[in-house]
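What follows is a set of structures for review.
Note that subunit A is present in both complexes that follow, paired respectively with subunit B and with subunit C.
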Partner chain A sequence: MVFGSWLCLLAPLAGFLAILLLGTRITRRQAGALSTFAVFAGFAGAVIAFVDAWGRDAHDRVEVTTAWTWLQAGDFQAGLTLLVDPLSLVMMLVVTGIGGLIVLYSNGYMAGSDEERRYFAYMSFFVFAMLMLVMGGNLLLLLVGWGLVGLASYLLIGFDHHRPAAVAAAKKAFVVNTIGDAAMALALFLAIAKIGSLDYGTVFSAAEDGVLSDTVVTLLALGLLAGAVAKSAQIPLHTWLPDAMEGPTPVSALIHAATMVTAGVYLICRTHPIFEAAPDIQHLAALLGLATLLVAGLVALVQWDIKRVIAYSTMSQIGYMFLGAGIGAYGFAMFHLVTHAFFKALLFLAAGLVIHHLDGEQDIRKMGGLRRFMPYTHATFLVGSLALVGIPIFAGFWSKDAILASALAYGGSLGWVLYVGGLIGTLLTGLYTFRLYFRVFHGEPAGKAREAAAHHGEGARSMLVPVGVLAVGSTVVGLLAIPGVWEPFETWLEPAVEPLVHPSTGEEWLTSLVAVVLGVLGILLARRAFTAGRELVPDGAVRDTLEHKLWFDELYDAVVSRPAQLVALLLRDRVEAPVVHGGLDEVAEGTLRGAAITGSAQTGLLRTYALAFTVAVAVLTLVFLVTR
Partner chain B sequence: MLTTALIVVPFAGAILVWVLPLSRESTSGLALLVALAEVGLWLGSARNFDFGSEVPQYATTQQWFDELGISYAVGLYGFQFWLVGLTIVVGACVVGYASWAERERPRAYFGLLLFLVGSLVGVFAAQDLIVFYVFFEAMLIPIYVLVGVWGGPQRVKATVTFVIYTMVGSLLMLASIIVLGISQGTFSLAEMGTSTNDWVFLGFLAAFAVKAPLLPFHGWLRIAYTEAPPEVSAILSGLVSKAAVFGLVWIVLPHFPEPVEDFRTLVLVLAAATLAYGSVLAFRQPDIRGVLAYSSMGQMGLIVLGIFAVNDLGLDGAVLHSVNHGLVSAGFFLLAGMIEARAGTGVFSELGGMAKGRPYLATLVMILGMFTLAVPGSTNFAAEFAILAGVFDRGWGYAAIGVLAMVLAALYALRLISAILHERRGSAVREDAGDLVGGELILLVPLVAILAVLTAWPAGITERSFPADEPAAFIGSQEGIGTP
Partner chain C sequence: MIETPHVDWLALAPTLALLATSGITLLGAVLVPRAGERAFAVVVSLGGYLASAVLAAVVYDRSADASAVVVESMTRDRLGALAAILIALTGLVVTLVAAGDGRRSHVGEFYALLAAATAGMVLFVSAGNLMTMFLALEWFSISLYVLCALDTHRRESLEAGLKYLIVGSFGSGILLFGCALVYGATGELGFQAIQEATGADDPLFVTGMAMILAGLAFKVSAAPFHMWTPDVYEGAPTTVTAYMSAATKVAALVLMLRILVTAFPEQAEIWSVAVAVLAVCSLAIGNLAAIAQRDVKRLLAYSSVSHAGFLLIAIAANNPDGGKALLYYLIPYSAASVGAFAVVAAREREQGRAVTLDSLAGLGWERPFLGVCMWWFMLSLAGFPLTGGFLGKLFVFSAAYEAGWWWLVVIGVLATALSLAYYLNVVRALYMRSGQAPATGAVVATGGSPPRDRLLDTAVGAALVVTVGSFFFVQPLVDLASDAVAALPF
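Now for the complex of A and B:
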């Protein structure tokens, strides 16, 4: 396990460094191959570790290795420690597996773009950072990985740095994420102050043993939750994710769908003892997840950009994961994370095929009828859509319904609110997903789609193969958790994260029935609206509000950005400039004038100082001695 | 003896450069040789350095004025070893930059630079107050001349401003030193006991608050950092400000335990305000050096927060961050000079789009920018984390301001990066303005390489700054060593 884990972590890092150091000595194509190889080597490492762990006894699947002490001061120390257990193994497999496919796809997608080498260096770096996040054996390394993925995200969103929109989106993402990092950092300071350590084991046992006061535990959980909410684009720190679609499409697939944005879910599962000790905060996570899944689902109904629709869908699906993690259904939340990684990466990559085919067109009003010209893309996109809506046997069906069933089993008013809200979300999912599907693939081609009809082929093989693999995955991976029949995924995770709720088989199948009916209803409504040539949300105040994404951006601009800039300007012009410099200018000019009067400016200056200096020292010495 | 050698070599080099009637090339070559010899000497001293020792390493003590208790006493503890190393490495890069930049009157210029490096080493190696003071003042003279003669259009005003501030600080410190030394009967830092005199404490504090600088003693900062030649700005922000760190850690904390206790809140508030104020202003500066200047100010506030936390995390973090900040800000000022050399300006509205076709420049701006904003995992992050975790113990508000400053740092560093590299090509950026050349890379790459090593292993410094890695206990144990 140890060897595999280090291989998994270090291979992408080696790829990054190699591309960085080799520079222009390798061709763009070679850089892509190197990056792909590095990430798949990481996947091989993850598989080695997984197979090793699989062969062991269920409670012996944990390895902790420390390379060296990273930071030490007095009694505090934090090592460069890896923790490999069933939970991190799942994440390692997803990150390197899906990551490898997406990097492979990038070889075709990015071909011919400027600065491909930089792109592949960043992608390798991202995979390394994400692995650091999920494999780090203490909260400090978690925070490090947390920040580094934010950095990679910043670099990749702003990859086309000559486009102002991309640069602005990159900065926005980085800043919002840094706010989350800052909250997490505060929680970590608190942990150091109260517990003296950031090692998972020490912190968790302190939380479980009740040696910490309620306030401390609540603040700890709150800080971690703030980080999770920012990274996973949940309300109220969600505004950066739609803008992040300015990045290249494979980046959206990898970072802003499959892996990084789901890190918040991983965080809650990893640090669940802290959240369980602060149940109010854990419930808050569930409620934020519910709010996000509904809001994002509604906003997705009115978007015109193919990637933004999928981005809102991502927010919405992560909302389900938060909902699950918030009621202690860790296994199902993680399972939805895995299935979502497959079908959302699939949707993005298929959308990438469309965009690539249409020379960069992303507006779905200028698409349509692509089914005829892009049959392969159409089939795979349809698979992804069905998995997203949760139609049996596709992956989303198994995972999303399990989360909802857990809400039902959780019971109480909270459980019911989450249950009903989540079911409404299923209807919304059907609506926005199939609005998109019909708009893109059915009807008559418009705009660019018509011009592109003459093009042949749907993309390079390096792009089509990953899409195919993901389509197969989106179909079968759900079968790892069939309620009451075969549930290896939950069994695998249980030793690492014991769930708080266990829905009965009956509850699961009942929920599935209702959810499927709602999902199909959504699809049918979307189809009816499409054939009638109507939009799902008619023009008016509601649509207006949704198109403005509930005015969050405007609100933050008015409440945070503008006042902050105003304060900075005021400080610069009204405080710093006149008070400090103005006052000093007079002193300086006075001195120069005085010096000029005494004769030659140079010697006068020196003499004045020498005299003043001696007198002042003498006076001060006296004063100090007397007051002593 | 080795410590003395580290001090003497640059001074000797300075005199040689002054005296020998060499050509421009030979002069810069000789200066570079001296600077590199100094680096070699320092690396050699690392081999047998005992970081755990309770006594200073490579120490020399020579009675000077016996009856006054003044001696020439120098020697290195771990944290001094790192500050000296920082000085020597950055000093070598600066000499390299100056030889590349072809300053007028090279003999005087290189002589002054080496003189400055020697004085800084002396400051950081001092074990006696008078030795400290002599080197502290000696360090200021070359700065006055370097800024006043070789500076930008407003160099005279910059120099006068700087002189006024530092003179006021210096005279307060001199008075404090005299009073402290006379009342203790010795000027030796090791033999000196503790003092409860608030005024003497405040005299030292004022001097170091100007040097750091802390709010509201920073009036000299902007104009000095902007008008000085870039390599002198690099020394000012990277090295000279660390004299304040040394003074606070090694003079103020051990010898004024009670005043430190009494005035801790005041200093912490000032430091936090400096951090916030510097970071906010950095966000709104119109040019590269303005951002760097106020960012430096903020970072010094952060370091002082760590020092006045007076605990293990804070002190270790402060030492580590002194090294980090020295390397990053010196590197960035040199880089700013290289950019200004290409564009003729550092003003953002005329810059932009430099990434395209200039991969080395882009990579270095990006890397140094990431260190400036203390990207998680970097050595700057490790230091900031330790400092804020340390000061959290003294009040969560300081740590909260600290993390807020981290967000601000992200804002201003990203703005800086974008303004130089991204979007449309600025009016001052000619299409054929070249990428960094080998001679420039060789100055910056070593700095980045050291930062990379520290990023992998910040504990390399934090474990090796104070005996037994117990800074608070060690500083505390310095109280009254010599008192009966």
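Now for the complex of A and C:
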């Protein structure tokens, strides 16, 4: 287990370093192969660790290993410590497994683009950073991973650094994420100040034992929640995710759908004792999740960019996970995380096939009728869509409905609000998903689709294979949790994160029935609108609002960005230029003058040196004699 | 029959190994055919330094308790052993750097003198009485005078040797006079005995102490006894400069710590203030003067003066933390210093002229490996995280703070800020070219750049590994250092 964990963590890092150091000594193709190999080696490590843990007793599946202790001073100890338990094993498998498939896909997708080596180096680096986040043995290493995935995300969104839109999107993602990082760092500082440790165990027992005051626990949870909300693109820090679609499509699949954006859910599950000690904040997480899933679902109805529709659906699905984690259904939230990783990666990669086929076209108004030209893509995309909507046997059906059933079981006014809201979300999911599906694959081929059809295949084999694997995964992975029949996933996670709610089998099947009916209703409505040639949301104020994404960007621009710029300009003109800069110039000039004087004391003449020596000895002796 | 004292051969072994190396290389200069002279000397030297370091490690291992050996003329303890390891390894790395220096004359002599100087230093750090101290000091100093002047075809080298000799004899004279006064006041030579016999208020005694401190401060090149440093560092062959900047500093500082703590603990209130003042002078003068330099060797010379300042802070703290900080600091400092001078040596050989900030331009692009190493060395000397230099400074400052010298910490931090101006200037020079400078390929156009010197690259790589490794694997090094310091009577 120890060996597997280290292999899992270090293989992607080794791949990153190798590509970085070998530079132009390897071809672009070899860089891709190296990166793919490294990530799959990490997957092998994760599997080894998993198999080992599987064979153990349920309560003996936690392994803490310390590579080395960096610095030890009194009680304080810093070093590289890994925590491998059922929770992190799930994340390790998802990150390296799905990550490996997506890196493999990238070999075909990125072929021929400039700077492939840089791309693959960044991808390996991202996988390493994400593993650091999920495997870190204390909150400090978690924060390190948290920051590093932010960096990797920034680098990959702005990968195409010649396009201003990509650079702006990368900057936006980084800035918004930094708000979360800063809040989280503050929470950690608070933990150090009040508890004196960042060790998971110490912090959790402090939170559980009620040693800390309510305010401290609430602030701690709030800081962590802010970090989670920013990374997982939940309201109100969600504005960066749609823009992040400026990155290459495989990046969107890996980072902005399958893994990094779900880190917030992982964080809540990992630090659940803190959230349980501050129930208000935990409920806030659930409500934010609900708000996000509804808003994102509505906005997705009017988007024209194929990737943005999927991006909003990602936000919406993570909303479900937050909802689940917020009411203590950790196992189901994590389960939805896993199934979502499969079908969302599938949707993105299939969309990537479409975009690749159409030479970079992303506007769904210029698509249509692709079913005929891309049967394989069509089939896999359909699987992904059905899984997303939650149609039985496909993955989303099992996981999403379990979360809703938990809301029902949670009860109270909060439970009912979440339940009803989540069901409305199911309807929305059916609407926007199949609006997209019909627009892209049905009807008459428009514009580019017709031209491209003549001279393109569906894609390279390295692209088709991962899509196929993910399609199979999206179909079967949901069977890991059949209510009342077979629930290995929950049993697996239970020793690591004990859920707070246990929906009865009846509640689960009832919820499933309602959700499926709503999802199918959504699909049928979307189909009717499509055949009638109508948009789902008619023109007018509502559509306008949705197209402007509820004016979040405009609001932030007016409330935060513009005043900040105004203050910055004022400070530059009134304070920085005259006072700071002027002051620094003075200091620098003084230093240079001092340097020149000191330098000129060095005459190069021996007699000067001897004189200085003698005087110094005399002074030293005199002082010693006087002070003795 | 004359009664011979008991000789602890193991304690002497690191010194003797180097002495033998020196003799064999010197014989090789005569007996080995000219074509193989260099290879012979290099191989023998490498073996000798390695053997000495290993023997010193054995001494370290087997000397958990300090003991006076060979009629109390030297001390066998972990402090001396750790310093000996460091010095011998410095010699090893410098030999790798020197192997490709293209020296045509005095090849055997160069390596013989280098080994002799190292032998002297290894003995010096274990000195147990004033006699051994002075003897060993002269031993390595005289070797170094000759080494500095060994490039007889270069005027600067001769000038450096002569200046070092004259000012050095002045310093030695002061030190010897100081020893005489202390002996006169106490009637004792041994450090331990001096402490026991002390008649603390005796003017003779205190004057002697001041002079010993001055003599050692001269070797450390602490201001205001530093004035020879830039001239000698600039003129001496670059490999010798690399060696002096690291090994001499280790030897002189460790001995200064040893003598002040063992022989003069009663006068700690007096000397700790004096050492603190010397530290402040070194920090101020070293950093300010370095900013004004264009010649990289001179710049690094002043940087070594400023580092003497940081290291003296650790001694002024006069507590076990200070000693630990001193020993730890010396590890990344020696590595970064030798490494930086090695890069300068490589540039010098490539261009056949003194290395200035202008002629350094573009090194980062032409020799990416050396460039990367150089900027790490500069970052370490400046004390950036991810390098051992950062932790060294941190430990020094925390020791000083512990001892109540908060104003010394403030000055140290200010000096660090000041030092960025010239360290980062070097990094800038590595990668940025001025507008009119010729673009890439200029060197190639004039006949191709010389091939890479594998041994030098190895040496620089090893220095980089130590510089960075001492950050990541700090705990074992700190443990070694605190075990070594445990031998001192704090």
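Criterion: the second predicted complex is superposed on the first by the 569 of 628 C-alpha atoms of A that agree within 3 Å, B and C clash if a C-alpha of one lies under 4 Å from a C-alpha of the other, contacts with A are read in each partner's own complex, and residues count from 1 in each chain.
The working rule: contacts are C-beta pairs under 8 Å (C-beta built on N, C-alpha and C of every residue); 3 or more make two chains touch, one makes a residue touch a chain.
Note that the structure is predicted; figures quoted are calculated from it, not measured.
Peer 1: Quick one: classify A:Val167 as touching subunit B (first), subunit C (second), both or neither.
Peer 2: A:Val167 contacts subunit B only, not subunit C.
Peer 1: Answer with first, second, both or neither: which of subunit B and subunit C does A:Pro538 touch in the superposed model?
Peer 2: A:Pro538 sits against neither subunit B nor subunit C.
Peer 1: Looking at the overlay, what does A:Gly112 touch: subunit B (first), subunit C (second), both, or neither?
Peer 2: neither
Peer 1: By the touch definition at the top of the document, which applies to A:Thr69: first (subunit B), second (subunit C), both, or neither?
Peer 2: Once the two structures are laid over each other on A, A:Thr69 reaches both partners.
Peer 1: Please indicate which partner A:Val175 is in contact with in the superposed arrangement: first for subunit B, second for subunit C, both, or neither.
Peer 2: first
Peer 1: Please indicate which partner A:Gly360 is in contact with in the superposed arrangement: first for subunit B, second for subunit C, both, or neither.
Peer 2: Neither subunit B nor subunit C is touched by A:Gly360.
Peer 1: What is the contact status of A:Leu571 with respect to subunit B (first) and subunit C (second): first, second, both, or neither?
Peer 2: First partner only.
Peer 1: May I ask you to name which of subunit B and subunit C touches more residues of subunit A?
Peer 2: Here the partner covering more residues of subunit A is B.
Peer 1: Applying the document's definition of touch, where does A:Val144 land relative to subunit B and subunit C: first, second, both, or neither?
Peer 2: The answer is first: A:Val144 touches subunit B but not subunit C.
Peer 1: Common interface residues of subunit A with subunit B and subunit C?
Peer 2: Dual-contact residues (subunit A): 68-72, 591-592, 609, 613, 616-617, 620-621, 623-625, 627-628.
Peer 1: Residue numbers of subunit A touching subunit B in their complex, please.
Peer 2: 20, 23-24, 68-77, 118, 132, 140, 143-148, 150-151, 154, 158, 161-164, 167, 171, 174-175, 178-179, 181-183, 185-186, 188-190, 192-193, 565, 567-569, 571-572, 576, 580-581, 583-585, 587-588, 591-592, 605, 609, 613, 616-617, 620-621, 623-625, 627-628
Peer 1: Help me check something: in the complex, which residues belonging to subunit C touch subunit A?
Peer 2: 163, 166-167, 170-171, 174, 200-201, 203, 206-207, 209-211, 213-214, 218, 224-225, 227-228, 230-231, 267, 269-271, 273-274, 284-285, 288-293, 391, 418, 421, 472-475
Peer 1: Please give the residue numbers of subunit B that touch subunit A in the complex, ascending.
Peer 2: 157, 160-161, 163-164, 167, 170-172, 174-176, 178-179, 182-183, 197, 199-200, 203, 216, 218-220, 222-223, 277, 280-281, 283-285, 311-313, 315-317, 353, 355-356, 359, 363, 370, 375-377, 381-382, 385-386, 388-390, 392-393, 396, 399-400, 403-404, 406-407, 410-411, 414-415, 418, 421-424, 457-459, 462-463, 469-472
Peer 1: Can you tell me which positions in subunit A touch subunit C when the two form their complex?
Peer 2: Going through subunit A, the ones touching subunit C are 68-72, 591-592, 594-596, 598-599, 602, 604, 606, 608-610, 612-613, 615-617, 620-621, 623-625, 627-628.
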